[in-house]
Every structure is written in C-alpha cells, then in structure tokens.
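Next come two complexes built around subunit A: one with subunit B, the other with subunit C.
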Partner chain A sequence: MKRINLLLATSAAVSLAAGSAFAADMANEMTIVSWGGAYSASQLNAYHNPYSEKTGVKIINDESSPEAVAKLRAMKEANNLTWDLVDVEAADAIRLCDEGLAMEIDADTQLADAPDGTKAKDDFGDLMVSDCFIPQIVFSTTFGYRKDMVPAGTEPPTGACDVFDLQKYPGKRALNKQPVANMEWALLCDGVAYEDVYDTLETDEGVARAFAKLDTIKDQTIWWTASAQPVQLLADGEIFMGSAYNGRLFAMIEEQKQPVGMAWDWQMFDIDGWVVPAGLPEDRLARVMDYLYFATDTQRLADQAKYISYGPARKSSAPLVGKHATLGIEMAPHMPTDPNNAKHTFVNNYTWWADYRDDLDAKFQAWLAN
Partner chain B sequence: MTEATTQPGRVLAADGTPLKRSLARALRMQKIRALMLVAPLLIFVLVTFIAPIADMLFRSIENQVVKDTIPRTVEALDSWDPHSTELPPEAVFAALQADLVEAVDQKTHTRLGSRLNYEYSGAASLLRKTGRGVEKMKAPYQEAFLKVDKDWGDLELWRTLYIYSPAYTNGYFLNAVDLKKGIDGPEARPENEQIYILLFKRTMFMSLVITFSCIMLGYPVAWILANIRARTANLLMILVLLPFWTSLLVRTSAWKVMLQQEGVINETLVWLGLVADNDRLILINNQFGTIVAMTHILLPFMILPMYSVMKTIPPSYLRAAKSLGATNWTAFWRVYFPQSVPGIGAGSILVFILAIGYYITPEIVGGTDGTFISNRIAYHISKSLNWGLGAALGAILLGAVLLLYYVYDKIVGIDNVKLGG
Partner chain C sequence: MAVLTTVPRRPASFYVPVVAAFGAFVGLFVGTAQGSGPLGILGGAILMGALAFLLTHAPLAEKQLRWIVAVVFAIAGFALAGLSAGIIGAALGWFFGWLTFWLFEGRYRAHLVPYLTPGQVLWHYTFRVICGAIFIFLITPILVVLPLSFNAQDFFTFTPEMLALDPAGYSLKHYRDFFTNSDWQNALRNSLMIAPVATLLSVGFGTLAAIGLSQPHVPFRRAIMAILISPMIVPLIISAAGMYFFYSRAGLQGTYIGVVLAHAALGIPFVIITVTATLVGFDNSLTRAAANMGADPVTTFFRVQMPLILPGVISGALFAFITSFDEVVVVLFVGSAGQKTLPWQMFIGLREQISPTILAVATILVAISIALLTVLELLRRRSERLRGMSPS
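And now, the complex of A and B:
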C-alpha cells in the first residue's frame, strides 16, 4: 500500500513537473494566417478570443491566405518562418504537403476526440484529404440569382444546370475563372453521370465536351477571380446568376437583404482547414499543437457556425449548430450540408485536381483566350 | 645631378615621385572615396534587387530535384533508349526502389512528384501512392511497381523522366513558348494548350496601344501646363497628380462602376436614348476596359516627363518661327515638336515598361481577352508553384523589354531622353 502511494506520488510529481515544463516551453505569441473579412471574424470569435482568454497567449492575425502557398515556400527557402498556423483550402494543403512545406499531423493522437469518444480521424471522416490537413469548415460554391430578374411566369432556377439554359433564363452569368467546378458542372449538365465525371475529364474527348458545353454560354459569362466579385455583380444587377461561395451569398441575402435567391442543386463542396508549417521551433510548435487541440474540438467548430454559414467539419459538431450570433436566425438551414440544400452535391476530388490542375488550367486559359 | 635630368621627359611632383604616378594615386583615392560613398546603395541594390532577380532567373533552367531525389535511377536510366518500345530494364526499377526508400525517409518523393506533374499529369499522386508501400516491395521490382499502379508501365512517363533527368533543362523555356521538350528536341504543343505566345503578343500590342493613347491624351495636357501662368499650372498639376496618389485598386474599381453594363456611362446613354436598354454597350471585362483603365492609371507617368521637358522650351522660339513667316502648324511641327521629343521618349519608355508588367488592373477588368502575360506569371508563382515556368516567362519578358530598349536606342537614341530640364 505504502509502495503504491509512493508510486502514485512520484508519478504525479513527474507528470506535474513535465506538465509545467511543457507550459513554460510554449511560445506566448502566435501568428495565424487566414482569409480576412467575415471569415477571419468568425475565427476570432469562435477560436482566437476564447483561447487567448484561457491562456493569455497573444494571437496575431495575418490575412495572407490567398498567397499562402507561395509565401510559405519563400519563407522556407529564406529559412525565416514567421507563421505558426495557416488556413488554406484543401487543394493547397495537398500541394503544401507534397512540397514538404506543411507538417504531417496524426489527428487521433494530437487532436481532441468527439464528446462521445469517437476518434478525431473518424469524426472528420473523408474530409481529411491530406496527412497535413486539419479540416475546419465545409463550404460550397453554389449559385445565387436575382429574384427580380427571373422572367415572368418562369420557375426560379434551382441549381447549377440552369446556368447553361439561356432560353429559359436569359442574361449574363458569372463563373469562377478556373477549371475547377466549371468543368464538372459542364459535363454533369451535359448528361455525364456523377461517378463518371472525373474519368471523362481525363480524356481529350471529355475535355472537349466540357468546353463545348461552356462554349454555349461563353459570351454571356463574366469570369470572376476574387470571391467578392460575383456578389458585387449580383448586387449591381450586372448578372442574372453566378457562382459564389455560399457564405458570401448568405451575408448578401440575410444581412444586406438583397433580392437574391439561392440555387443549391449540384453545389460543389469544398473544405477549408489548417496546416502547420514544417520546421517550426519546438516552443512554437508546442503552442500551435495546444491551440489546435482546443480550436478544432467539437464545440469550437460548432461555435464558428454562429458567425458564418459554413458547416463544421466534424460530424459531432452538426447537432450543436445554433442560431446566428447577431441576426438570431437558425443557422442549420443555411448550411451547405443541410439535407434540403444537399439533394445533389458534388464533392471536389482534390487528389484528382492535384494531378490534373496544371494541365487543365493551361487548356482552360487557352480556351478562354481564343 | 637630379633624376629628372637623367630621365628626360619625366616630370616630378614636389615629393620626388613621377607626376604621372602621383596623379594616378590621387585619382584612385578619389575613385575609392566616390565608391565608398555609393557603396551603401550599391550593396543595397545588389542584395535586394540584383541577387533575387538572378536567383529567380536561375530557376528557369534549374532542374536538380530529379537528380537529387533519385540519383541511382537517373544513372541506370542513362543506358535505356527512350525511343524503344520496351520498358526500362529491371535494374532501373530496382534502382528506383532503392532511391524511393531513401526519398520517402526524407519525405522528398512527393516533391519529385509535383515537379514531374508539371510535365506528366498524374505523377503527383503516382509518387504519393508509390511512396506508401515502396519499403515493402520485393524483387522483381518491375512487377511490384506495376502492381502499385499501371502508370509505371507507361512509356511516356519514363520518357518524361529521361528527358528531365539532367540537372539543367531548357524545358521551362520551351514550355513558355508553347513548345514541349521531347526525346528528339522541341515539339509543338497541341493547339488547345497554346497560350503563352498569344499572351506575349497581346501584352506587347496592348502596351503599345496604351502608350500611344497616353501620348495622345498627355501631350496637350503637358503643353497647357507648360504654357499657362505658374499659379494656374500648379493647380492643374494637382489634378494630374491626384489620381497618382489614389490607390490603384480604388481607381480600377472606380472604372468598373463607370463602365459596367449597369454603370454610369451606360445609364447615361440609355437615359439620353442613344443606346437601347436591352442592348447596352460592353465596355468592361474586355480589352477595351483594360486599355481605358490602364491609360488613365499610367497617364501621369507620361505627362510629368513631357511637362518638365516642355517647360524648358523657350516660347520665343515659336514666336521667332512665326515672325519668320511660319504658319501655326509649321511652327509647332518644325520648331516646337522636335524639341519636345525627349519628353515623349522618356514618358513612353516609362509607360510602356510599366504597362508590360501590369497585372492587377488586367486581372480585375481584363475579362478573357484583356489579360496580360503577367497574370500567368502571377498564377505560376502563387498558385501552381511552378516557379521554373514563371521564371522562364519572366526572363522572356525581361529579354523582350531589353530588346525593345535596344531598338529604341538605335532609332531614337537613348541620349535623346530627358526626364527634366
């Protein structure tokens, strides 16, 4: 008995010492890179502020995510890593992981379990598209349309395929100036079965078929490059319908009360999440992992949905999604993952795009230019 | 007897050393002092400007990643004939296995994958996938590799590996001019992938149009500024400089508001009845929009050098010409204009060189046919991470500008350029 007590006491002392040594070895400041705007604000409210309150750590917000891939590489080459955690899209995470610029993370041991004890890897499920990537939110590229420009006596558009129907819905369209999503929609709306889309795109005939479909609306399309553009074009009445990120459309419809409706069918799912730059010094790495454990748990991910209409990446977070923090409306129906919105969804095949992006991008740009 | 008399023709300084040497020493001291004075700037320019550019340009030929990641394979592959219709021998596969085991250990195999993926779509995931089980592979290796993925049996993949195994390559430059590095030298790219030559031509053409519009619009303004009362000129000068001080993005966005179909110009035209409501003019998201916006943005760079040159042309010359019987036009064309050419030259070089590298404005208002080569360079630097291709495109652009500068020097003469009086 005595011996057991002694053993317990020692182990407690050791773990206590280890614990305090651990805390002392963590950096007191961290730079987190994200996208800015409403999205950064939602992270600030859901993650950064609670974490700072809990630990007293100062979090510096850098809004460089749009050029994160190139900057991380430049930092690595200059051997001067100033970022601790970076918010990127899944496709970029794969690239960063391949280039050895992001660190591999074992979700099961380094991230929190779900409240019911499910391991993190199972909780995130298919969304963990790369060993370096910790998913945060699911967003979608979907369509918004001007309600006041729907021709009289016509049903309003319901989804991506209506963008190709110039007879029924005349007027300008806006699409993202990149092959991703547009090529898939073109094939899908041309009658290719969902499961055959990527196989078809691997062939020259498939690519030609997609471009032929896009050709039918080419001279009616404005191509956007920044996510604020399609929303602005809709607000100005420059276009009848356009693809945009669902969170931007939500803000436009619910916060700014613009006469715009959503056409959810065949929305393109995409994931956004964290990567940790490879080669962080130990104290900063310890701090980042501590932050990640906190910021990617079930409750925190559900909290973020109070501030922006993007779905939490953990399955266990979904039931916890509540009302919008300031508007007071129920957020669940505005999530891309809501069953009413997700009748037909398209899941972006990141690994496929990582392989074919360069090739198809060259073809896409050549198609655009000619 | 003094030395001077023994060596006739040598003049001595006061301290007895030959004057020539003494003078050279004094001059050398002066040169060193001058060099010391400019040294901070020189070093600054070298470190922050020349070195990074040289480093970036070097990437356009550098290709060490293949050789560094799979050295044994590269060596073994050397004896393989890329024209043959047979896969490389077992020894190559064995070498590849050994190389990949090491590469996986250092996590460099995926870097090789992304490098090869620029030339062979699918290489990225092929290497990622192969890396997972490569350690457990057993001989015969060819079979083992083919079992992981049948792409290892694709001759094109092996040819790509063969072509890109040297440490230096001209492959990026060939890609940058719509060609492809093949086993027998450059090959043409399929037509649906050709884009860069078109963009280079368009960039040159549009920059020339923009430069020309700036001359046409800027010349009268500079003339007025140089020939009115100083106080009014200063006031007008603020109007020229005001857009100069406004953010580029704000100016570009303002043009969007002006030119779009529901924009100010179209609204006014519809209101005046000049344009039908359902047939509004398309003024933006095309070449026209880019030219308008960029001409506006670059105009001050044209007006300022022109103004400072015109300021130095004495008005009495024009009066003299007229008093000698010249018409207004002759006096302007034969007397005033030739003297203002150095200003036009300086302005044109500034505007043209700035225009050729512009990318924010074409990105925002360029649509599909108004984008420049710099938009592609930006894409390769920040999105695809294909810095080699980006560097090659940049090097070609730099070469083109230097060539044009040379031609300009031959035709107009670079001495005939003035930024001020």
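And now, the complex of A and C:
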C-alpha cells in the first residue's frame, strides 16, 4: 500500500506544482507573434524589454508570422484566440483586415503623436496602407553575392537583373519561394517598363512572360522558404547570389564578417507592421493597446534601427537613427532608403498583391512543380 | 582466436586489383575535394595498385614498410590541406599498409574454417562491410552535428579554421547561448514539466490497459487494442489537427494540461505494447497463489505482478518520455507559445534563424540520451545479476 500512496502523492505533487507555476504567469502576459531571428531580437531589445521593465507584463514570443494568416483563420474557426498582437507584412495585413480577422485602429487617437505634435496618421503618412495596420519598419528584399565567387575580370553584380545573367555570373542562385518580387523582377529584367509591371502581370501573357524569364534560371535556382536560408546558403558558398531581406544581409556582413556584398538595384521595398487580432477580450485588448502606444512611438521606432538595418516607419524617427548598439557603426548608410542604395527601387504594390496573391500563388506553385 | 588455416602468399594478380579498387574509392573523395572526381578515381586506383605491388616486393620488413607508408601519407595529406588532412592521411596510410599485407599474406582466411569457398569468404567480409556501412549511415548525421556545435561562427558551416583544427575556429558560445537565453531556458523548462507528467499518465493508463486486455475474458480485445494503439498508426498531423479543434472547444488548447494529455495519448500505445509483450511470459497462477494466501488484488499487483513486468513498464515509460520530449507536430497545434517545448524551439530556430545553438542543444540531448540508456542498461544488468539470471 505504501507504494501506491507514494505514487499517488508524487504524481499529485508534480502536477500541482506544474499547474500552479503555470497559472501564476497567465494573468499578466501577452503573446506577440513575429518573424524570429535577428528581427525578433531587435524587437526584444527596442520594445519588449523596456516595456516589460516599465509595466511588469511578461511578453511571450511566438515566431509564427509566416503562418499568421492561416493560423488566425484556424483560431477564428476554433473560436480560440491565443495571440495578442501579430507582426505581418502589409499585404497580409490588408488580407486580414478584409476578412475581418484584424481589428481596425484609429491611429490618431490610439497611438502617440510625434514629439513635435504631428498626429500619428500624418507621421506614418503613405505607409498606413490599411485601417488595421500600424506600420513599423520599411525593409527591402535585395541581393547579396559572394565576393570571392565573382568571376575574375568581371564587375560584381549591382542588382536584381544580374540574377538572370547566367553567362556573366554562373553558379547557383537563391530566390524566395513565392511569386511576390520574383514576378516583378522577371518582367522588369525582361524589358518591361517599371510603370507597366503590375498592369502586365494582370494579363495571362504577362504572367507567362514572367515565368518564361524565370525558366531561364530555374535549374540553377534554390528556392528558400525561411529568411535565414539564403544567408546560410551564402555563408556556405552554396550559391553565388541570392535574394534576402536587407537586415539579414547586414547582420551577415557587418556582424558575422562574411565575404558578401550587396547588390541594391531594384531592391523591393515592403512594409512590416502590427495588426491586432479581432475579437480580443477587454482586458487583453487594453493591455495590447497600451503596449502599442508605447512600442510605436517615435523614439522606440528609432531605437529598433540600432539593432537591425530596417528603416523606421515614422518620418519623425528618421533623424533619431544613430549608431548600431554593439558595433558602433553609423546605421544610415545601411538603410534601404539611403540615397546610395536607393538609386533604383521597386515599391511593392501590396494592394495589388492583396487582390492577386492567392491566384498567382497557385500558378507559381504549379510552375515550380513542372 | 586460433589460426585455423595456413594459406600461401597470394599472387599479385589478386591483391593489386583489390587494393586498387579500394584506392579508387578513396580517390573519389580526395578527387572530388580537389576538383575532379573521375581523375581522383583513376589516380587513386593507379597509385594504390602500384603501392601494393611495391610494398610486397620491397626488401624491408612488413612493420617498417607499414610505418613508412603511414608517415608518407600523413605528410602528403598535411601538404595538401593542413593538419586535419594530415591525420586522415595517416589513417589512410595505415589502412592501405594493413590491407596490402592482409591480402598478400592471405590473413583474411586465417580465422575462417578451411572448407569455405572463395565466394563464401567474400560474402563473409562483404556482410561485415554492409553492417559497418549501415552503422556509419545511422551514426554519421549525429557525429557531424557534434563538431559543428562548437563552431565559432553563427552558421552551419565547417569553416577553414575548424578544418585546420585551429582553436580559434571553435567556441563554446552556442552552449553559453543555450544556458543564458531565456527562450531556450523556457523551452527546456516546459519540456521538463510536460514530459514527466505525460509519462506518468501514459504509464498508469497503458499498464492498466495492458493488464486488462491480457485477461482472456475481456470481450472485443483485439478491437479495443487496435483503437488504443491507433495514435501510433494514424498520421500525426491528423491527430494534431483533430486535437486542435477538439481541445479548443474543451478549453484545453494552449494550456499546459492540454499538451500533457495530448502527449500522454501519444505515449500510451508504447506502454501498452511493451507491457503486453512482458505479460505474455507472465504466469497467471502466481496471482492466483497470492490471492489464495489472502492478498487483495492491489497488493497482488504491486507485490507480485509489478516486479515481474517492471522491465516492460520501464521501457514503455522510456519510449513515452522520449515521444513527449521529441514531439513537435502535436505541440505546435495543441500548445501555444507559452508551452513552447525544446523541439518546438528547435523547429522555429531552424526555420527562422539557422543558429548553431540548435546543434549545441542537439549535442546536449544526445549526451542525455546516451546517459539515460547507459543507466538503464546498468540497472538491467544489476537486476539480472541479483536475480541470478546471468552467470557473471
């Protein structure tokens, strides 16, 4: 009999201890969904840690942004919302807003004004592409190349169109496994004028033309699905050049000292920011809005640029961008918006993509498969 | 072992081609590393064939010759690609010296019974090579991870410094990261809180189910058994999606208890199977004898049955523990970020930030697994010795 009692006692004790440890944290914590890696680290340093210190709210990081749309749909279906705040790209934010999965926010009344009194909406300006979306950073998808693999006697690549030039730059390349950016680059480098790219993509011939251009490098291309992959491939020397987020390339070149160069031309600008899931209970919503007010003010956005080379979304933050927190180098020349890097830029038309994304995703997957 | 057969020396037409074939195999790797595989094969075959011929016709003693080959290969490797290549070169030199004389002197037949045909001798060694190859195939992915976890860089890359065995290329920083990073520490804590409780539940329910199902008078035994072990057979993603929607309705999704229950359900089949297997050899007259002496069923279970089926229970518990500890699919659905377990953290780590911290964790987990299995094996031997089942 002793043994049973012992067994029962231990199992009860274990589950009680575990359960109470868990329940204690539940009340004052917040789950924030983001992209992981260096990007999450920059948010941790610039927003989460200062906020937790100030308020005592514990912030749990969920690195599920790549599946944010699908997961929010499942949560709605199951009527079980476990996320408090989600970091998504602009196009996803528009989709989530259209589906009623994200909450509309009035920036002027619910977010902080700029230090000079400018209202939040004016401070964010054109970047507020949806009523549900609070912009955070401007980032770009651009190209990195191995400096030591440039063929002798050849100029190093300068931009997106060099990825299609197998004669001049032989070797494997890496591209994001999605139509966004790749389709635009394919048309642009095939001779379509910048202004006409999206109009061309609306036609079947335009889509076929983009795929035909991509066909020329298909067998030399490794498709990446996670933003850390192209960086790893470059570090390994598995590829000659590849598209990657400029912040990842910055971390690789400046922090890890890899022999990699940037090819900025026709970098694809995009915006990333917050959405609040629709249907949060009152107490959680209040906590999220308090966090948002704090984390999207002018100083906080400028602080994030100390840790990663993404441009702050508020106009008023730009003059406050200084040196990197640990490396001590000026961050301005590494921003995608720096005049030297932004000679030719491509502004991602997220509203267009919000309408055409599902259709082109299907076509792109079909093209990949055969 | 005793020498069973004395065999005369072999003709050069036998051992030179065989050594050349091995040379071609090694040459393929060396050649690929230096730029051309086919050239490596050719070079390896010719060089090693010639070496075999020279060794067996040189006027020196075998021992001296083998030392010379090893040293020459080591120097050649060092000249070609530094220290680590030198070590590989020495090993290769030792191997080819040994192989040549092993074949030349006919030693490969020395420990075999004399009536084997050449085909049987060939099969004898081919079999060993196949077994070795399977072993290498299973173990290499684990071994590759170990040195990479000491990488001084933040990538899954063998840097030139690492290959040259330069201490500057190695670092413990990824281990430091694991022990200081709050994400990893949370994940470790969650895993350690979930796995033991899930194991306890699995063992409790699984053992009871196995004992019940071993009673001949239970109706539909096979059908019940099939249902109980179905979590092992149904694709995990299906169970996971089903659990997600069911647990959401029941208010268990994203809770600690939900994850524990889900993992217990996954672990139960392992316990049922291992305990059922040990119950096959269990003599039911023992329980009847105990009952005859006045013990109630519970006492009988803990005093008579449990000690005898304990090995099955423990190995079932081990499987249940490992299932919970390694599981990533179900916890991604049933858990929320607050229940992020180690495998979950490793999974997102691989996707979002290819950081060698994952390899450091993997190395630690491998070490723990080895320790766990060693302890288990020692316990088993001890109990066998105590029970007098083994002559030692």
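Going forward, the second predicted complex is superposed on the first by the 342 of 370 C-alpha atoms of A that agree within 3 Å, B and C clash if a C-alpha of one lies under 4 Å from a C-alpha of the other, contacts with A are read in each partner's own complex, and residues count from 1 in each chain.
Criterion: a residue touches a chain if its C-beta (ideal position, glycine included) is under 8 Å from a C-beta of that chain, and two chains touch if they have at least 3 such contacts.
The model shown is predicted, which means the values in this text are computed figures rather than measured ones.
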item	value
Touching partner for A:Ala228 - first (subunit B), second (subunit C), both, neither	second
First, second, both or neither for A:Lys363, with subunit B first and subunit C second	first
Contacts of A:Arg95 with subunit B and subunit C, given as first, second, both or neither	first
First, second, both or neither for A:Arg73, with subunit B first and subunit C second	first
First (subunit B), second (subunit C), both or neither touched by A:Asp62	second
Partner chain(s) touched by A:Asp236 [first = subunit B, second = subunit C, both, neither]	both
Which of subunit B and subunit C A:Asp355 touches, first, second, both or neither	first
Residues of subunit A that lie at the interface with subunit B and also at the interface with subunit C	66, 225-226, 236
Subunit A - residues contacting subunit C, complex	1, 3-4, 11, 14-15, 18-19, 21-22, 25-26, 29, 31, 33, 35-38, 40, 60-64, 66, 74, 77-80, 82, 225-229, 231-232, 235-236, 256
Sites on subunit C touched by subunit A in the complex	153-157, 183, 193, 196-197, 200, 204, 244-245, 248-249, 253-257, 260, 298-299, 302, 336-338, 340, 348-354
Subunit B contact footprint on subunit A (complex, rising order)	66-67, 69-70, 73, 95, 97-100, 172, 207-208, 222-223, 225-226, 236-238, 351-352, 354-359, 361-363, 365-370
Subunit A partner contacts - residues on subunit B that touch it in the complex	107-108, 110-111, 113-114, 117-118, 121-125, 128, 192-195, 198-199, 202, 260-262, 285, 363-364, 367-369, 371, 376, 379, 381-387
